[in-house]
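Quick notes on the structure that follows.
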Amino acid sequence: DKPFVLISGPCQIESREHALKIADFLATETKKAGVPFVFKGSYDKANRTSLKGQRGIGIDAGLLILAEIRDTFGCPVLTDIHDIEQAKRAGEVVDILQIPAFLSRQTDLLIAAGETGRTINVKKGQFLAPWDMANVADKIASTGNEKILLCDRGTSFGYQTLVSDFRGLPMMAETGYPVVFDATHSVQEPGGRGGSSGGKRDYAPALARAAIAVGCAAIFAEAHDDPDNAPSDGPNMLPLEWIPGFLADLTALDRIAKARSLKAGF
Amino acid sequence: DKPFVLISGPCQIESREHALKIADFLATETKKAGVPFVFKGSYDKANRTSLKGQRGIGIDAGLLILAEIRDTFGCPVLTDIHDIEQAKRAGEVVDILQIPAFLSRQTDLLIAAGETGRTINVKKGQFLAPWDMANVADKIASTGNEKILLCDRGTSFGYQTLVSDFRGLPMMAETGYPVVFDATHSVQEPGGRGGSSGGKRDYAPALARAAIAVGCAAIFAEAHDDPDNAPSDGPNMLPLEWIPGFLADLTALDRIAKARSLKAGF
Amino acid sequence: DKPFVLISGPCQIESREHALKIADFLATETKKAGVPFVFKGSYDKANRTSLKGQRGIGIDAGLLILAEIRDTFGCPVLTDIHDIEQAKRAGEVVDILQIPAFLSRQTDLLIAAGETGRTINVKKGQFLAPWDMANVADKIASTGNEKILLCDRGTSFGYQTLVSDFRGLPMMAETGYPVVFDATHSVQEPGGRGGSSGGKRDYAPALARAAIAVGCAAIFAEAHDDPDNAPSDGPNMLPLEWIPGFLADLTALDRIAKARSLKAGF
Amino acid sequence: DKPFVLISGPCQIESREHALKIADFLATETKKAGVPFVFKGSYDKANRTSLKGQRGIGIDAGLLILAEIRDTFGCPVLTDIHDIEQAKRAGEVVDILQIPAFLSRQTDLLIAAGETGRTINVKKGQFLAPWDMANVADKIASTGNEKILLCDRGTSFGYQTLVSDFRGLPMMAETGYPVVFDATHSVQEPGGRGGSSGGKRDYAPALARAAIAVGCAAIFAEAHDDPDNAPSDGPNMLPLEWIPGFLADLTALDRIAKARSLKAGF
């Protein structure tokens, strides 16, 4: 029944200056709106559609910037990891380790992440049913770490399209773990631009509102000062200027949703 | 920006007494909640999964009962039609003619419905994209009748499952016609019980909340005093005792949603 | 274990001359190839994507032309029907009545078709599972008419795309009725051109080969002398000049497939 | 136009004796049938549905057994790898390195595999379109290694179901790389047994026949002496006694398919 959390930031940590600038904006706006904030940034994009896609700043530089953002703005920071070694290293720095959707069934990665003792945000694979996430969570919980978040970022629906099944949020909540809705990757069009993914950011606010209405614990939404020129996920990231209205809409709905729990248990 | 409308009633008009009893309950509860109410009932189930499924009371008896309900409770009434002849006959009695999803591409039926001058609620075929509904609406509007409602009742997602794509509601709203969300058929599991359809009514309230949060104009939700023993759609109809809480949840969310229009135009 | 049958012809009966010309070509080529031939032509396209799509020549003219084709070329003729009245009228003339996929759950139409005593080719709705066709066949068989063909023309797969599930052919064959594979509608892209459907005819021969290899009884494939300018289904119809090679490929594979029944019973 | 290759073996290398016994059977039967044979076995199942699923014999023991099988039976051997270190180590021993479907977008793994100089069999992610595999192949080819096989093992279709899109085989062949069809994983039902995947092996032979008919270069099909009691993939592996008939069916169809190339270029 606590208010929703916003997990946001640019898809990639493009540079120290850029990441700090976006963190500053988001920290300020979430504070105004009374919304708890987690900064998200990736140091490496390990699964780009094409080899030509930009990879990122690297783990050493990335973790330093994330630590600086946490110290500067007082917010928890989140990043995604791709192998056991990265789990250990990033786990020394960040508050929340994220398991990418494609890797959500990789047992060793889930266990390595769990063993760091950090909170783990696992994205539901686009190829998994919501109820499959109980088995995924069990792999992490086997380490004794039950600080687990289950995140929906869309499900494969034909080619190059994802669909968000809002029955899935209460289904995942039946595990007892908080459920996160990723509003910007859910409107991605995988591979839709040939050498990179497309997307329709215009529909992200509608999906976020729907997720809040069914009662989810956090909204994940990437944001950028110039999304049309961002090195990755441009078509689906939110422009910064949308954030104040986005937060105002969601906080108003969230108060209602959290005050009323659904008959069906969510 | 007007408050949402509830379209509700039993799947089938089982008998005069039964229909009146349910209409009475729904009229009373929607009045208490300040929600405009449309009574829905079918006189014929023309596309049951199996031949053994009960068909219904027939058009003559059905239309008489619908007229009585309108006169008794002062609410508009809606029924679904399956051929040109039925369009004409039902069009003389009911306020809203409904085109079943499977028939949403049958040009002659759409035109016959349009020509009655009644409001037409067209369900999006499970096999159609949201944007395909612009062509469907154009067929009706070609008769000069623009009193058109576009209704989402789920989209085919693998076998025996439907998924509700909440990007589809704003997409359909781009036509300018009001958008209805059918919360109970969206949780149907077509053919899921072999000789009849299954369903998971527990998720219908969550989907209705999501639809209200994105701003839709009306919620369609079938309701029954004993859904587990209803002759059709039992697994997905709402029990009557859920209705007061359902309305309270939705009206609270609706006030917020209607007060704030989404950046993306819905 | 009999050789496969080719059901072919233009999507629409555009004119007497055009239909006879295509029938002549197909009758000649199938005779050369030793393939039994059924001529297919529609007198009305009742469910075009858009109102602007051409409807067809009408039932009176259409049935006369179909009768002439049967008399001239000695082949059975097939057409699709959309209501009970058409079932009766077309049933007096044609050898095979076809139920369109969108109408495959309309009980009254299935029964009216069955009552004509003609062979009924029912297309599997794009929204149905292969095993749902057992209930569809039962509706027809309830009339005492068991001359039923079950035809796969693709299943909804995301938006504007169909996929052919080749597990579905043996599943449908478990009913005991012959299974037809519709190679040209399976490569349709519903609504893919905005006001009409798109398609990729280049993949139709591959799918037809796959269907023959799993042992199906007949291939349905529309053909046209100038598909790019045809009034409907142009993007997915086969050009006539593909037919001889198409038949040669399929007959060679069919001999092998029919000589060897699959362990899994198909 | 060369005859198809069979890639087969048990899902897991359960023990030296077990692997040798199955390899012996398959080597003997493929030799009789004149079908080139590649032995497949996994030393680690890194992405089991549930933590309770058995993982495997480990890389050290596994590679020794694979080397022994190659030496004993004179066949190439294939195994799947999950990280860069495994790519290097397995690349010193096996002839074909396989990239699991879930990992088909992991750039570093694809490059590490490519750099071994071995043949790489990449499975198409269940979440990818066939044409996305051109980007995947480019990542490998960027190492200068163009010994690439593209393998279809099914595409997500609703929950817990995969569908094999046979348009995808010619689409992937447009890259110029040989196309493999994985007949046994394509009939898997992911997560279908709660803590493990289900499957319907009865349909694997039909899908393999379809794949051969459209002209693919190799069939991947796991086989086991007691699939119902196998530690993984039991529901979809072929019993060894099916193999002789399976090979006879496929070789007969393959001769026809390879002799006739499709108009559409496959």
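As written, the chains take the letters A, B, C and D, and residue 1 is the first residue of each chain.
Rule of thumb we're sticking to: a residue touches a chain if its C-beta (ideal position, glycine included) is under 8 Å from a C-beta of that chain, and two chains touch if they have at least 3 such contacts.
These figures come from a predicted structure and were not determined experimentally.
For B-D, the equivalent interface within B-C, A-C or A-D is the one where over half of the contact pairs agree by residue number, namely A-C. Chain pair with the larger contact count among A-C and A-B is A-B, by C-beta pairs in contact. Note: centroid distance chain B to chain C, computed from Cα atoms, is 33 Å.
If each chain is reduced to the centroid of its CA atoms, chain A and chain B end up 35 Å from each other. Centres computed as Cα averages put chain A at a distance of 47 Å from chain C. Contact of a single residue of chain A with at least two other chains is seen at positions 155, 157, 159. Taken as a contact graph, with one node per protein chain and an edge wherever two chains touch, the assembly is complete, since every chain touches every other chain. Chain C meets chain D in the complex at residues 155, 157, 163-167, 169-171, 187, 200, 202-207, 209-215, 242, 245-246, 248-249, 252-253, 256-257, 259-260, 262-266. Those residues of chain A that touch chain D in the complex are listed here as 46-51, 55, 82-83, 102-103, 105-108, 125-129, 131-132, 135, 138-139, 142, 155-156, 159-160, 190-191, 195.
Listing the residues of chain B that touch chain D in their complex gives 157-161.
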